[in-house]
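Just dropping this structure here.
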Amino acid sequence: MNEQMITRLIENATQLFLLLALAPLVTGVIRTLKARLQTRRGPSIFQPYRDLLKLFRKGMVIPETASWIFAATPWVVFFSTILAGLMIPMVAAVAPFGLLGDALAVIYLLGLGRFFLALSGLDTGSSFGGLGSSREMTISALAEPAMMLAIFTVAIGAGSTGLTEIAGVAIGQNWRFLAPAQMFAFAALALVLIAETGRIPVDNPATHLELTMIHEAMILEYSGPYLALVEWAASIKQLVLMTLLINCFWPVGLQTAWSGFGALQGIGWLLAKLLFLSCAIVLIETANAKLRLFRVPELLAVAFTLGSLALVSTFLF
Amino acid sequence: MLLVALLLVPLATAAASFFARRRAAMEALNLAGFAAVFLAAVALAAQVLANGTVSLGNGFFYADALSALVILLTVSVALVCSAYSIGYLRDDQQSGALGEDASGIEQIAQLRMYYTLTPLFVFSMLLMAVANNLGVMWAAMEATTLASIFLVTFYGKITSLEAAWKYAIIGGVGLSMALFGTLVTYYAGHSLAGSDSLSGLNWSVLAQHAAALDKMSMRLAFVLILLGYGTKAGLAPMHTWKPDAYSEAPVPSAALLSTALLNCALYCLIRFYILASRCLGAEYPSRLLLLFGLLSMGVAVPFVLAQRNFRRMLAYSTIDHAGIMVIALGLGGALGSLGLMLHMAFHTIAKSLLFLSAGNVYQHFRTDLFSKIKGSVIRAMPLTGVVLFIAMLAIVGMPPFSLFQSEFLILRAAFEGGHILTGALFVLFSTGVFTGALMHVSGMVLGPGGDAAVAARRPWRDGSLLALASVLVVIGFWLPAPLLELIRAAARVVSGQ
Amino acid sequence: MTPFLNLQFGERIVTLLAALVLVLQIAMVSQRWIVINIRIFAAQSFFLAMIAATIAWFNHAPHIFAAAALTLVVKVILVPILFERLVERMEIHEEIEPIVNVPLSVVIAGGLTLVGYVVAASFYRPDAPGLGHNALAVAISLFLIGFFTMINRRKALTQVLALLSLENGLFLAAISLTYGMPLIVELGILFDVLVAAMVMGILVYRIRETFESIDVSRLRRLRG
Amino acid sequence: MISELFLSGIIVWLAGAAASLALWRRPAAARRVSCAAALAGSLLDLAASAAAIFSGTSTVIGLPFGNPVFSWAIRLDPLSAYFNLTLAVLAAAVSLYSFGYLREMEGCRNLGAFGFFYNLLLPSLALVFTASNAFFFLVAWEAMALSAFCLISFEHEKEKTRHAGVLFFIMSHAGTGLLLIAFLLLASAGGSLDFANFHLLASQMPPLEQGAVFLLFLFGFGVKAGLVPVHIWLPEAHPVAPSNISALMSGIVIKTGIYGMARVFFDFYGPPPLWMGTVVLGLGVVSALLGVLYALMEHDLKRLLAWHSIENIGIILMGFGAALMFRSLGQPNLAALALIAALYHTFNHAIFKGLLFLGAGSVVQATHTRNMEKMGGLIRRMPVTALCFLVGAVAISGLPPLNGFVSEWLTYQALLAGFGTTQSLTRLMFPIAGALLALTAALAAACFVKAFAIPFLALARSDEAAQAREASPSMRAGMAVLAVGCAALGLGATWFVRVFDPITQQALGIRASSALVMARGWALSPGTAHGGTISTAGIALLFLLAGAAFALPLAMRWRRCSVTGPAWDCGQPGLTADNEYTATAFSKPLRMIFSALYRPRREIQAEYEVSPYYPSAIRFENEIEPTFVMRIYVPLWERVMAAANRMKGIQAGSINLYLAYIFIALILLLLFGVRG
């Protein structure tokens, strides 16, 4: 009983640590790989850590037009993302906070963060913030059904929306993701991930050219620690979604239960899979140009179709 | 004795006000007369409740619960109208609607005509209701037409003459058909023992031997009667005189025409329906009645929807309700008959209230076009506006007002009897009427008001309005036990149970 | 056994007179002059009175004599005189122009007679006492033709005349079908007819005064 | 005991009505009396319904008055009690709010009449929920419609208001017609008007009749509920009413339609044919989606909220549809889950929509406009209202940890579980519906970012907005009550679901809550074998802890090294309200993406003086086509009126013609009638 408590505690702590520590790294890795692929040297993969540290040390400018929403948002975003991160299985097939929320809760917690981010975008009265919020809400709204369908597909497979159960079912059948249903669902969720994490071809995380940015436009007015929080939260969100993707569809190396050695093994596998996924993302980003905003719905329509195909095929094949 | 009083008092009133010199005298006479008649009617109702039927002159006069109810309703409307018309005619006299003349002699003559003809009109209706002999009943009915024609021409405008002419001719044709029907009924009974005596045409006698009447003749008779008295009741397609007559007559007379006279025409129909259904079985008459009822309801809808003149709209609503009551009669049975009787009572109250409040509006704005009034009533005359709205809601069968109860009963009778199409059409048509009435009346009552002059206080009219309105609201929630008993008894007469 | 006590003979006479009445009705349809119209009506009513008297005589129904007398007084004398007065006072000279032209109206009248017989046919019973369905047929025909004439006339006065002739049909039915209704009823009815005639006369007069014409087909202010 | 409480509540309301009518010459007194009576009545009703629910029994009361031909009877069974509870909570808050809200109207409006109808609306609602026979139900139903009509048309000097009121009344009356037919068909099948007698009766009728009755009820109640396509009155009528009435209308009046459906679907019907469930589910999806899509295009704050009522009705109907399908598929437990989801959402919507309308009311009263484009920056002028509105916005967007999230989550779970219940293609409906529900929820979130941010954040867009004053204490109290309600219903979900036990017991014969509650009442589960769980309380707790542990201290520290300055705005100097993002601009992407539905019409007029490059004035106007009104209702109405005008030719004025009618009728009857 008692050591079970302790293991739970360690487990949660590890996952929390992984979320906080790994997220900037993933961002950095993707950036560097991209640079290399474009035959640039690019920054070190640890650059994001430095950025965050710097930002945390800086002072900040609060726009006089802003209200308390502006100050509250970074915290809400940060905490909701962390909480969502703790609800997914990362190392072992147990979501530490699985009891507090299932896949739907994860999606809606991320939604909560987005809601406040959009509010703060409009809070300052800057037209770019509004532009960002408008586009962000539109795209995420359109991405929602596809994501939900993909989640449904795996959830129906597992007979539950609980991520612990989903991962638990996935374990062992490592080549399950070759089933058509899984493929379609995977593709749908991948497209959604691209849209949600604001990557090319939907959004360009690197740009600060006013008319093209989406996520960056919302946080344009943030500076110093708050900016750090928001950026950090963004990268955590990216990590969460990637982990969700790989652990639901590609549970290779996922441990059924928590154990010291297993944990290390699990982390190893996790890193490997993350690296793989990052490479995939990098390839996509370099291979495609950013879409016009009004072409994005087409992409998401494709995702939706894939999702419904996944559903159909769950009982066709 | 009571019956005699019932008949003599109005006659006396008429005679007295014919010889009266001054306006005040006529007003007082009418008011007193109708109050007396009202008391007599109440007494009659009580007596009928106590011992089934009242008859006089070895069955020449005959009153059962049905007649008692019709009489009671007629007289109560007459009483309210007589109070109302005092204010109404005074206003007419001041505003010169009776035609200016320095001496005012013509005006007095006109008032005398009104105050003489109204009691005569009521008298003939009462005679109709207590006459046992179908021929006398017919004659009384004809008398109602004759007495009311000159009420329609009261204002002597060319339009009122036109209306009166249509009323007279169409009514005349209708009544001759009714007479024909009466004849054929008599013929149907001529094989009965003692049919050549006076009592051979007595309803009570015929009703007893209804089964023995000649079937074929009864079929013909019922068709003629339906068309004949249907004309007086204003069933489509014989309804065409109604809007004209109602919109031209002085408002109190219009109220009498559209409630009391309608009840009387229906009363005749009911009497013959009882004979016919006992002789031929309910199926044949009820099919005809349902046909005409639905036709009337249907015809009323477009005219209410696309109406410009609110007094004509009220007339069409009366046609609609005539249709409803005929349908109820056609459905028959315990439910239908009870629904019919309740509806008769409720409609009488609501419709007369509607006419009187519309009369207030008409006199204040001197127009009966919606387009000219345009939502200033509630500002100019709040009380009238509210009452008008309530009455409108009541007449279209909106709960909690009472007409919903009777229409609900009728509809239930329809569905229980398997007349699903009839029921559905009933609902459809009532919705149509509701739509039109609501649009027009709310457009008339509600609104910014504009520059409408605020009306002065008018004790007689508003008093009678308030009295009637409070009755209307109360009966939605509570019916006096004896009244309900009377209505039930009347329903039993109709359904023959 | 003189023929004057023989029922068959009586029936003959009555049927003959009834036929005459019918012919007069049709004549009224085709007649263009108001005054002639009034006189035809008087004649028709006269024959009706004759029928009534005949029936009274042959069936020993004294109260029908009263009815006959009343008809004679009211419909043969009073009403025609009243109307001719009106015609004089209103100087009506122009002839009637019916809505349906004369030949066609006559044809229609014939058709309506047919309808009358069709309807009455279903009442035919050999054992029926008195003049059963023949008289009924004539009565219905009179009624329908009178009705048609009302539709077919523009002038107020002629409409009233048509209405009265229509009521003649009723009277025929009353006496021939059932040997008359109880006397008091007859009285009431005739009284009503008289009053109706007067009332309508007054109306016609007032319309003439305010409208400078008695062409009621032009009274079309009230619509919708 | 329960019946005494309930009846005394009714009596207090009616007394309040009478009193305020009597005081109509003294507005202040009328206002206090009517609001106090409404509040007291609501509290009594609250007590009665709470007691009824927890006793789990049904109380029958016969009313001693009315026309003895009909019985006026009341039955307070769990379902009725549940809706009464909803009514009581909302009504109490709204009455509290009205104390302050109505003060502005003193002097210029007849508050006596207002109080009269207000105190008439509440009892008629309570009676609609409790009437136990068809006749009395219809009486209460129409009394409610009547008083609602009078309240909607309260500001009747405005053309739009009159039009909206009449439209509402006509449509609701047409709906009542359908109900009348349906009830009478049932009655003629069962031989009595008593609801107790209707129990499971509908399923014993012949299939055709059964389907007809079902559709009649669906659309008869759908009109009141705002079901697409019979919803058009709702976005017209709710905005024009005084805001406290809008709150009641959207919060509870449209729920009478939901109550009726629940009563019919789960009391009168046994397990229905499958198609009924699919119809309801489909209509639910359509209503939800169209509701939110049209809401996105509004910049009239109250119209926006009205459209969201349609959306939420759609979500509730999804639950009903799923429940019906589960019943026909023989899955009582899932049916219970879906039913709970639907009813839970009903309550939640009453609370947060009421809250939002009250908030909108305060805003409109402060800024004297309903147009969002003229508001802005109100969060500084009216902080409490802003906070309450934000709570409502988060709740209605279905975001954790508030109540909207819980009921939507339950709906998802029900839909998800549906996939396994059948092998036919029908099962695809469930996940598709779920996906569209997700779309709806996300769009709703987008819409409420707009609905909160545009009026409350950034700079004031007009002088009124700049001069706005915070709502009066009682108004704030009213809103606070509902805001707390949102939180309580969200965090206390596991406690609240117990309320549904008697209802599911009555409707489906099972008590589901014990299966739904897990982890000692900390987590909520769909009740399936090992389904996912959520714990709103836990989430909230963690947020609070984290906030207390990190956010506050760090925020304190960082404040010291923070300065406030002008917004950077990409380096553009001088940020003014003119270059703020507008509501129209915010929803522009969606307007373009869904232009096939909206058929937007835009029109730009520029006046030039010197050269075409320097317009002196530009007029931009932009509107979307209200498809249903334009494509269905307007043409229908025009047809009807044209036909009516043609029919008026019957009464052409010619007496000869009139005589001809009668003549023809006579001939026809003589020839065909007599020898029939």
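Labels for the chains are A, B, C and D, by order of writing; each one numbers its residues from 1.
Everything below uses one rule, namely that a contact is a pair of C-beta atoms (placed from the backbone, for glycine too) under 8 Å apart; a residue touches a chain by one contact, two chains touch by 3 or more.
What you are looking at is a predicted structure, and each value in this text was computed from that prediction instead of being measured.
In summary, the chains found to touch both chain B and chain D are C.
Counting only chains that touch, the fewest steps needed to get from chain A to chain C is 2.
Centroid distances from chain A, each centroid being the mean of CA atoms, peak for C. Here A-D and B-C are compared, and the pair linked by more C-beta contacts is A-D.
Between chain A and chain B, the centres computed from C-alpha atoms are 79 Å apart.
Separating the centre of chain A from that of chain D, both taken as means of CA atoms, is a distance of 36 Å.
Rounded to whole angstrom units, the spacing between the C-alpha centres of chain B and chain C is 31. Distance from the chain C centre to the chain D centre is 70 Å, each centre being the mean of its Cα atoms.
Listed for chain B are residues 165-166, 169, 173, 216, 220, 243, 303, 306, each touching two or more other chains.
Multi-chain contact residues of chain A, defined as those touching 2 or more other chains: none present.
Counting partner chains per residue, chain C shows two or more touched chains at residues 119, 122, 147, 150, 159, 216, 219-222, 224. Checking each pair of chains for touch leaves A-D, B-C, B-D, C-D. Listing the residues of chain B that touch chain D in their complex gives 165-166, 169-170, 173-174, 177, 216, 219-220, 223, 226-227, 231, 237-238, 240-241, 243, 284, 287-288, 299, 301-303, 305-306, 338, 342, 375, 378, 393, 398-400, 402, 404-405, 408-409, 411-412, 414-416, 418, 420, 423-424, 427-428, 430-431, 434-435, 438-439, 442-443, 446-449, 475, 477-479, 484. On chain C, the positions that touch chain B within their shared complex are 119, 122-123, 139, 143, 147, 150, 156, 159, 163, 166-167, 169-170, 173-174, 177-179, 181-182, 184-185, 188-189, 191-192, 195-196, 199-200, 203, 206-207, 210-211, 216, 219-222, 224.
The part of chain B that touches chain C in the complex is made up of residues 133, 135-136, 138-139, 142-143, 146, 149-150, 153, 156, 158-159, 161-166, 168-169, 172-173, 176, 179-180, 183-184, 186-187, 190, 196-198, 200-201, 216-217, 220, 243-244, 247-248, 303, 306-309, 312.
On chain D, the positions that touch chain B within their shared complex are 65-70, 135, 138-139, 141-143, 146, 153, 156-157, 162, 165-166, 169-170, 173-174, 177, 180-181, 184-185, 187-188, 193, 640-641, 643-645, 647-648, 650-651, 655, 658-659, 661-662, 664-666, 669-670, 673-676. Chain C makes touch with chain D in their complex at residues 99, 115, 118-119, 122, 140, 144, 147-148, 150-154, 159, 216-217, 219-224.
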